[in-house]
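Accompanying notes for the structure given below.
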Amino acid sequence: MASSLLEVADLACRRGGRKVFERLSFSVGPGELLALVGRNGSGKTTLLRALALLVRPEAGSIHWQGNDARAEPEAWRGRLAWLGHLEGLKGDLTVAENLLAAERLRGAPPAEDRLDSALVAFDLPSLAARPVRTLSAGQRRRTALARVVLAQAPLWLLDEPLNALDVPAQSAFRAALQKHLAAGGLAIAATHADLGIGGSRTLELA
Amino acid sequence: MADLHFLANPARFRRFSQRVLPSLAFATVLMMAVGLYMALIQSPPDYQQGDTVRIMFVHVPSAWLGMAGYALLAGLGASLLIWRHPLAALMARASAPVGAGFCAVCLLTGSLWGRPMWGAYWVWDARLTSMLLLFFLYLGHIALSRAYDEPERGDRAAAILALIGVINLPIIKFSVDWWNTLHQPASVARLGGPSIHPSILIPLLWMAATLLLLFVLLVLLRTDTEIDRRRLENAEPQS
Amino acid sequence: MSGFAALVARDLRLVWRRPGDVAVVLAFFVVATTLFPLGIGPEANVLARIAAGVLWCAALFAALLSLDRLFAADFEDGTLDLLLLAPWPLELAALAKCGAHWIVTGLPLALLAPFLGVAFGLEPRALLALAATLLVGTPTLSLIGGLAAALTLGARKSGALLALLALPLCVPTLIFGAGAVEALATGGDFGAHLAVLAALALVALATTPWAIAAALRQAGE
């Protein structure tokens, strides 16, 4: 039984005057995947954004290794890799340029040497020099996933990661996720479909 | 089902305002009657400007309240951003049009005052021009707070704007003053009016106090309306 | 610091891929300036008298033109979220965005203006003064405009609202910028005007990044 790294207690969020969720508590340990399930509008995205400190929760706490994430927001953000509904890619830059810029914008050391393995993981080397606006939705999603892998962050926050992915791409994602978990990483993913990772836990949002 | 979190402060405010409003309204009407008597009948006409100087009794306090109103917006904005006080947002939404209204009254009375003095309805006097820019800042605040589908977003954006605006106000005033002295107008257009004599000072201060009561009255009334409106918006089923 | 440089470099590279965006702003500047002699009349001493003011106003409008895409583009493709999640201060990121905007807007406008000033009959000293005041003044416009852009992210009628918010706040810069060039002609203190312009830029630098960051965080909620 892995001890937990991330502890969330009594989290509550409110959007536009109405309560999205309250008294939400869970913990995630190294190598664990927590799947968020629930209907549209149940607050899965809000929960992910609250964990990323993009949304200020009304109540509750987020602790990492016993330390309050909100007390050191910059350190907390350094531990996250984010995949939202939108890809977070610049259409006029190439795949390679986007990935390298994303790493530089995270304040990370130059990523040229790590780039190849991230591209290969999602079958992107042939697309590396293409501007992102010329890619299909599935190819863009793969690029965004490559960005997540490249970040080498301990906690992955993923919002509908399987969106727009075809079967080979889904396998590639599963493989990358398993590799991340095996190395002791954590992942929290909002998803409609089963991610197919053995031993994952589920949190249902009403 | 009443949402307890939201009602906490606004409910207290509602009880407070319902107690205070009737006596406040009565006091305002009374003071206005006395003030108008002093201003229009009792105080002496100016030896130069005659009776038109009486416009000053509304023009000058309106200017003061226009400026104080923006300081209020900035204070409420800080209160919203730092302490997330829900009432601060509603009161800011309520007071912005009131402050803008006093600004507009100041500009209009200034224009009416200028006509007999210089034959022009508008002069690019430093103080009038500064007041005009303050009026634009109010318009920006009012427009921004209402520009979002989600009202809380508009409240917070307007709060940031009010804080930046209040820092810029002295800078704008300084620039416009300087601009006015550089471009010396043909006539000495000073809407400063006559030097303050006690027979004018007392009615002026009385009218200032009266208009301040009117300001407070309007803000309290409008805040009550904003509380109701926000309650209605939050209770609507999400489409 | 590397994040700051990376953001400026990325935005500059994006503009490099679409140079038409810059060209349009500069073309607007030229066309708008041309309207004034057409509307007022080609009398030489009138034009010389209004030149500084006209060129400063036209530069102000041109600088505002490209502002509503400053953060909206990032908001729409999800890169704003990544900036909000970057582990270095958002205030620096705001400064980087405004800095890149100035490099592709304010700077070219400042360099182009003297050529238009010739058409208004300004003498060489005044042309140099015009460029100098625009160089010192346009960064302030980018910062104030950036703030207006951040405040109106996702709002209705954001274009017009952005102008309504930004223009009154830009008035001091306009007054001292145009005033500086006129001071040269009327024997006033050009240096003092330029110093005030620089002071205005410093005030903007000290206040707007925090306000822009606060506004961007609101947009991310």
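Quick notes on this one:
As written, the chains take the letters A, B and C, and residue 1 is the first residue of each chain.
Definition applied: contacts are C-beta pairs under 8 Å (C-beta built on N, C-alpha and C of every residue); 3 or more make two chains touch, one makes a residue touch a chain.
Given the structure is predicted, the values throughout are model-derived calculations rather than measurements.
Taken as a contact graph, the chains are fully connected, with every chain touching every other chain. The interface with the greater number of C-beta contacts, when A-B is set against B-C, is B-C.
Distance between chain centres (mean CA atoms), chain A to chain C: 37 Å. Between the CA-based centres of chain A and chain B the separation comes to 49 Å, rounded to the whole angstrom. Between the Cα centres of chain B and chain C there is a gap of 31 Å.
Annotation for chain C: residues 221 touch two or more other chains.
On the side of chain A, the complex with chain C involves touching residues 49, 52, 54-56, 74-75, 77-78, 80, 82, 84-93, 97, 101-102, 104-107.
Residues 14, 16-19, 41, 58 of chain A touch chain B in their complex. Within the complex formed with chain A, the residues of chain C that make contact are 2-3, 6-7, 10, 13-14, 17-18, 76-79, 81-89, 220-221. Residues of chain C that touch chain B in their complex: 147, 151-152, 154-158, 161, 164-165, 167-169, 171-172, 175-176, 179, 182, 188, 200, 203, 207-208, 211, 214-215, 218-219, 221. Interface residues of chain B, counted against chain C in their complex, comprise 81, 133, 136-137, 139-140, 143-144, 147-149, 153-154, 156-157, 160-161, 163-165, 167-168, 171-172, 174-176, 178-179, 182.
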